[in-house]
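Note that chain A is present in both complexes that follow, paired respectively with chain B and with chain C.
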Partner chain A sequence: MNLASQVFYLGRRSVIRILRQPANWVFPLIFPLALMAVNTGGLHAATNLPGFPSDSFLAFFLAFPFIQGALFATVNAGVDLARDIQTGFLNRLALTPMRSGALLAGHLAGVIAVGAVQALWYLTVGIVVGVRFESGALGAFVIFVLAVLIVFAFGSFGALAALRTGSTEAVHSLFPLFFVFLFISSMNLPRNLIETDWFRIAASLNPVSYLIEAIRSLVIEGWNAEALALGFGIAITLSIVGLTLSSLALRGRMSRT
Partner chain B sequence: MRQLVSVTNAVAWRMLHNNFTTPSLLIPGLVFPLFFFTAFAGGLSRVNDVPGFRFPVGYTAFQFVFVLLQSAAFAGVFTGFGIVRDFESGFIRRLMLAAPDRRGILLGYTLGALGRWLVTATVLTTVAVVVGMQVGGNGVDLFALYALAVLVNFCGLLWSAGVAMRLRSLQAGPVMQLPVFLCLFFAPVFVPVSLLAGWLQVIAHLNPVTLLLESGRSMIAGDPTHVAAAFAAALALVAAFSVWAVRGLRKAEAAGG
Partner chain C sequence: MERAIEVRGLVREFKGGIKAVAGIDLDVEPGEIYGFLGPNGAGKSTTVHMLTTLLPPTAGSARVGGFDIVKQGPEVRRTIGAALQEAALDPLLTGREHLKLQLALHGIPRHERLARADELLERVGLRLAADRRIGGYSGGMKRRLDLALALAHHPRILFLDEPTTGLDIQSRTALWDEVVRLKRDDGVTVFLTTQYLEEADVLADRVGIIDHGRIVAEGTPAVLKAEIGRPTIEALPGDGTDSEMLERILCRFGALQPSTAGVAVRLDGQGDLADIVRALDAAEVRVADLHLHAPTLDDVFLAKTGRSLEGSGEEEPEPE
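Let's turn to the complex of A and B:
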C-alpha cells in the first residue's frame, strides 16, 4: 500500500470516528453560533462607538465561529489521537508496514475534513442571516481557504499535545488554554477601541487576533492586503511549526513503542 | 437530626477535601471566573462609552456582578460533575448503604459546593478590588449581593444534582452545563437590558437571571432596586430545584444507587 492510500484510509477512519460521536460534530456546529448570537445581541450597541468599523455587529463578529470551531475540531481530534495511544492502537499500527508520516497526515486529513464542513456551515449561516461580504463571493472563498488552513494549524498543535502526552485528559485540559488565546484577542472589539492598555497589548501580541482580523477584513472591509498577509502568514507559520514539532513527537513516540 | 448532620458533614468534608487537594478540580474553578472577569471587564471597558450606557461605578463593577453570579452557578454545576464521578466509581452506592439519613448526601454536596464557591468568590473579589473596582454600595448592600450569589450557588448545585442522580453517568455533563450557560448568557451580560438587541431583550425579560443580575448590579452601585423581587425569585428557584434534587435522590435510591 502506497503512502497516499495509507493517508486515505487513516483519514477516512478519523472522519468516520468523528461522525460516530455526535457530540464531536454537533457541538462545534451549534455552540460557536449560539455564542455569536448572544454576543451579537448583547454587543450590537457597541457599533455606536465612534470609530467602530461596521454598522453590523453580526458581520463584525462572524469571524469568531471560524476560530472557535477550529479549536473544537482540534481538541476533539487531539483527544481521538490520544485515545489511539492509550488504547494501544498506535502500538499495533507500528507493527504494520505503515509509514509514521501517514498516521499524522491521515489524522490531520480528518481534522481538515471536519474543519471544511464547519467553515462551509458558518459561511452559509452568515449568508442566511443577512451578512453581506464586502469582498464578494471570491472573498467568501478566501475565508473558506483561510479557515481550513487555521484548522490545519491548530490541528497540528492538537496532534502535538496528543503525541507528547498520550493522555486524553491532558489534551482536554488544553482547551481552556486555547480559550484564553481566543478571549484575550480582538474578537469583541477592534484593537484600537480596546481601552485597557495591558489588554490591548496582549491582544496585539496574540496571533489569534490577526487570524480573526484577516477573516473579519474580508467580511466588513473588502480586500485588505495587510490583514490578509498577516492572517495567512501566521496560519502558515503555525502550521509549519506545529507540523514539525508533531512529526518529531511522533518519531519519539514510535521509537518508544 | 444528628444522623442527618453527621452524613452532611462527612459528604461536605469529602467534597471539599477532594476539591482542594486535586489541582485539576481546584484550578479551573478558580481560573475560569478570573479569566471571564479579565476578558469582559478588561477587553470591553470601552462599552462604558456606548450612548445610553449608564452605570455609576464603572464597567469593572458591572461585569464583576455577572462573573460573581456565574462563578456561583458553575461552582454548583462542577460539584454536580463530582456527584456523577461518585456514581461512576460506586462511591454513592456504598454511601447510600451506610448513610442513616440519605438527605444528608444532598445537603453535604450543597455545603461542599458552597465552600468551593466561597474560595472562588474571595479570590475574585480580591482581584477585582486590586484592579481598582469601584463599589458604591454599603456593607448591607454587599452582604445582600453575596447572599444572592449563595442562592444562585444552591440553584446550580441542586439543578445539577437532580440531573446527576437521574442520569448517573458522565454523559450528564452537557445536560447540567448547557441550560445554566444559556440562562446566564441570555441575560444582560455586556450591557443593560435597554441596550440589548430586540430579540435578546424579549428573552432577557423572560429570564429570571436578568432580575438577579440587575438587582445585584444595583446593590454594588449603592442604589438597590428590585431586591425583594430578586430574593423571592432566587428562593423560589431554590425551592423548585430542591424538589427536583430530592426526587432525583429518590430515583437513584430506587435504582439501587
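Let's turn to the complex of A and C:
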C-alpha cells in the first residue's frame, strides 16, 4: 500500500474519532464565536479610538475564532495521539507495514480536515452576521487557506507534544500556554494602539499577532502584502519547524527496526 | 526445515543498566506452540517486543520466520501477527472498523477486505457485536478482537503476550480453543507468554521458563515435570496429633518441603502412599487430610529458582 493510501486511512480514522467525540467539535465551533460575540458587545467602543482601523469591531475581531479554533483542534488532536501512545494503539500500527511518516501525516490530515470545516463555519457565520470582506470572495478563500495552514502548523506542535511526552495530561496542559500566546497578542487592539509598553512589545514579539493581523487585513483592509507575507511566512515557518521536530520525535517514539 | 524462531544471546538493557533480558537462547519449530512462562517482570514482554521488531535488542541476534529482527524488520512484520499484553484498541471505533483499518494497512485488496473482516469476526465469535464500538466490549471480547486483528493478514507466526490475563474461565477456554485450532488447522506457530501454569501446561508443546531475564528451564511440560521427578505428599494433622511426630514419620519417605497448612515431603522412592498410610496407622498418628501432589510446572519453577512462580515477580521495565 502506498503512502497516500496509508495517510488516507489514518486520516479517516482521525476524523471518525473527532466526530464521535462531540466535545471535540462542538466547542471549537461554538466557543470562539461566543467569545467573539461577548468581546464585540463589550469592546465595541474601541472603534471610537483615534486610528482604530475599522468601524466594525465584529469585522476587526473575526480573525480571533480562526486562531482559537485552531488551538482547540490542535490540543484535541494532540490528546488523541497521546492516547494512542498510552493505550498501545501506536504499537498496533507499528506492527503493520505502515510507514512512520504516514502516522504523522494521517494524524495531521485529520486535524486539517477538522480545521477546514471550522474555517468554513467561521467564514459562513461572519458573512451571515454581516461582516464585509474588503478583499472580496478571493480574500475569503485566502483566509480559508491561511486558517488551514495555521491549523497544520499548530497541529504539528500538538503532535510534537504528544510524541515527546506520550501523555494526554501533558498535552492538555499546553492549552493554557497556547492561550497565553493568544491573549498577549493584537487580538483585541491593533498593536500601535496598545498603550502599555510591555504588552505592546510582547504582542510585537508574539508570532500569533501576525497570524491574526494577516487574516484581519483581508477582512478590514483588502490586500495588504506585508501583513499577508508575515502571516503566511510565520505559518509556513511554524509548520516546517513543528513538522521537523515532530518527525524526529516520532522516530524516537517508534523504535521499531 | 528452517526454524520459525531462532534466538541467540538476546539482551535488552534499559536506562540505568537494568537488564530486562539478560542473554537468552531459544528455538521454536514451525507449527509449534511455545509457552514462555515466567512471573511479572521476568522479561517476557520485553522479549516479545524485540522479536516483533518493536524494540531493538541491545545485543544478540534473532531470526523470526527466517528474517533477522534488526536488519529485516519489515519482512518480520509481514510474517508475524501479534496480540500484545494490552488489547490496544480504539474505544471509539467498532470491531469491524478496526479490522478494515488493519486489513487496509496490511495492503489487503479492497475487494477482499469485507469478506476477510466477516470471516475473522465469525471466527472469534464477534459477528453480532461487529458494529458496536469497542468501548462497550467486555474484556474477553476485546481479547478476541485483538486475536482477529493479529490474524488479519494470515501470519505464519503468532505472538500472544499474556492473552488471557484478567479473563474469566469461559473466555480463557474459548481463547485456548482458538489457539489450538490455529496450530492444528492452519499450522500457525504460536509464541505464547503467560504467567499461568495451567495455560502453559494445556497449550504448549514446549515451555521455556524465564526468570530475571534468563531462561532457567526449557522442554516439554512432561519432561520438565519428570525432571523434578517424585510427587509430593502433604498431610494435615488431625485433632490432638503431634505435628513433630507426623513430620518424623513423613521424613522417612522423602525430603521436607515448605507447606502452609501441614507437613509436606517430596517422595524419594522409599515408599508409596500405601506405605505412608500404614506407617501413620502403626504410630497411631491421626491426619485430617492427606494429599498426593503430582509435580507441576510451579514445582519446576521452584526447583530451578528456589521460589514459587505463583505470586512472585515484579513489574517489568516499560519498553522505551
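The working rule: the second predicted complex is superposed on the first by the 255 of 257 C-alpha atoms of A that agree within 3 Å, B and C clash if a C-alpha of one lies under 4 Å from a C-alpha of the other, contacts with A are read in each partner's own complex, and residues count from 1 in each chain.
Keep this in mind: a residue touches a chain if its C-beta (ideal position, glycine included) is under 8 Å from a C-beta of that chain, and two chains touch if they have at least 3 such contacts.
Just so it is clear, the model here is predicted, and its values are computed rather than measured.
Visitor: Who wins on chain A residues touched, chain B or chain C?
Guide: Touched residues of chain A are more numerous for B.
Visitor: State whether A:198 touches chain B only (first), chain C only (second), both chains, or neither.
Guide: first
Visitor: Considering only the touch criterion stated at the top, classify A:41 as touching first (chain B), second (chain C), both, or neither.
Guide: The first partner, chain B, only.
Visitor: Does the superposition put A:93 against chain B (first), chain C (second), both, or neither?
Guide: Second partner only.
Visitor: Looking at A:180 after the superposition, I want to know if it touches chain B, chain C, both of them or none. Which is it: first, second, both, neither?
Guide: In the superposition, A:180 contacts chain B only.
Visitor: Intersection of chain A residues contacting chain B with those contacting chain C?
Guide: none
Visitor: Across the complex, what residues on chain C touch chain A?
Guide: Of all residues in chain C, those touching chain A are 52-56, 69-71, 73-74, 76-78, 80, 82, 84-86, 88-90, 92-93, 97, 101-102, 104-107, 133, 149, 320.
Visitor: Would you mind writing out the residues of chain A in touch with chain C in their complex?
Guide: Residue list for chain A touching chain C: 1, 5-6, 9, 13, 16-17, 20-21, 84, 87-89, 91-98, 255-257.
Visitor: In the complex of these two chains, what residues of chain A are touching chain B?
Guide: Per the touch definition, chain A meets chain B at residues 23, 27, 34-35, 38-46, 48-49, 169, 173, 176, 179-180, 183-184, 188-189, 193-196, 198-199, 203.
Visitor: In the complex formed with chain A, which residues of chain B make contact?
Guide: 24, 28, 31-32, 35-36, 38-39, 42-47, 49-53, 174, 182, 185-186, 188-191, 195-197, 199-200
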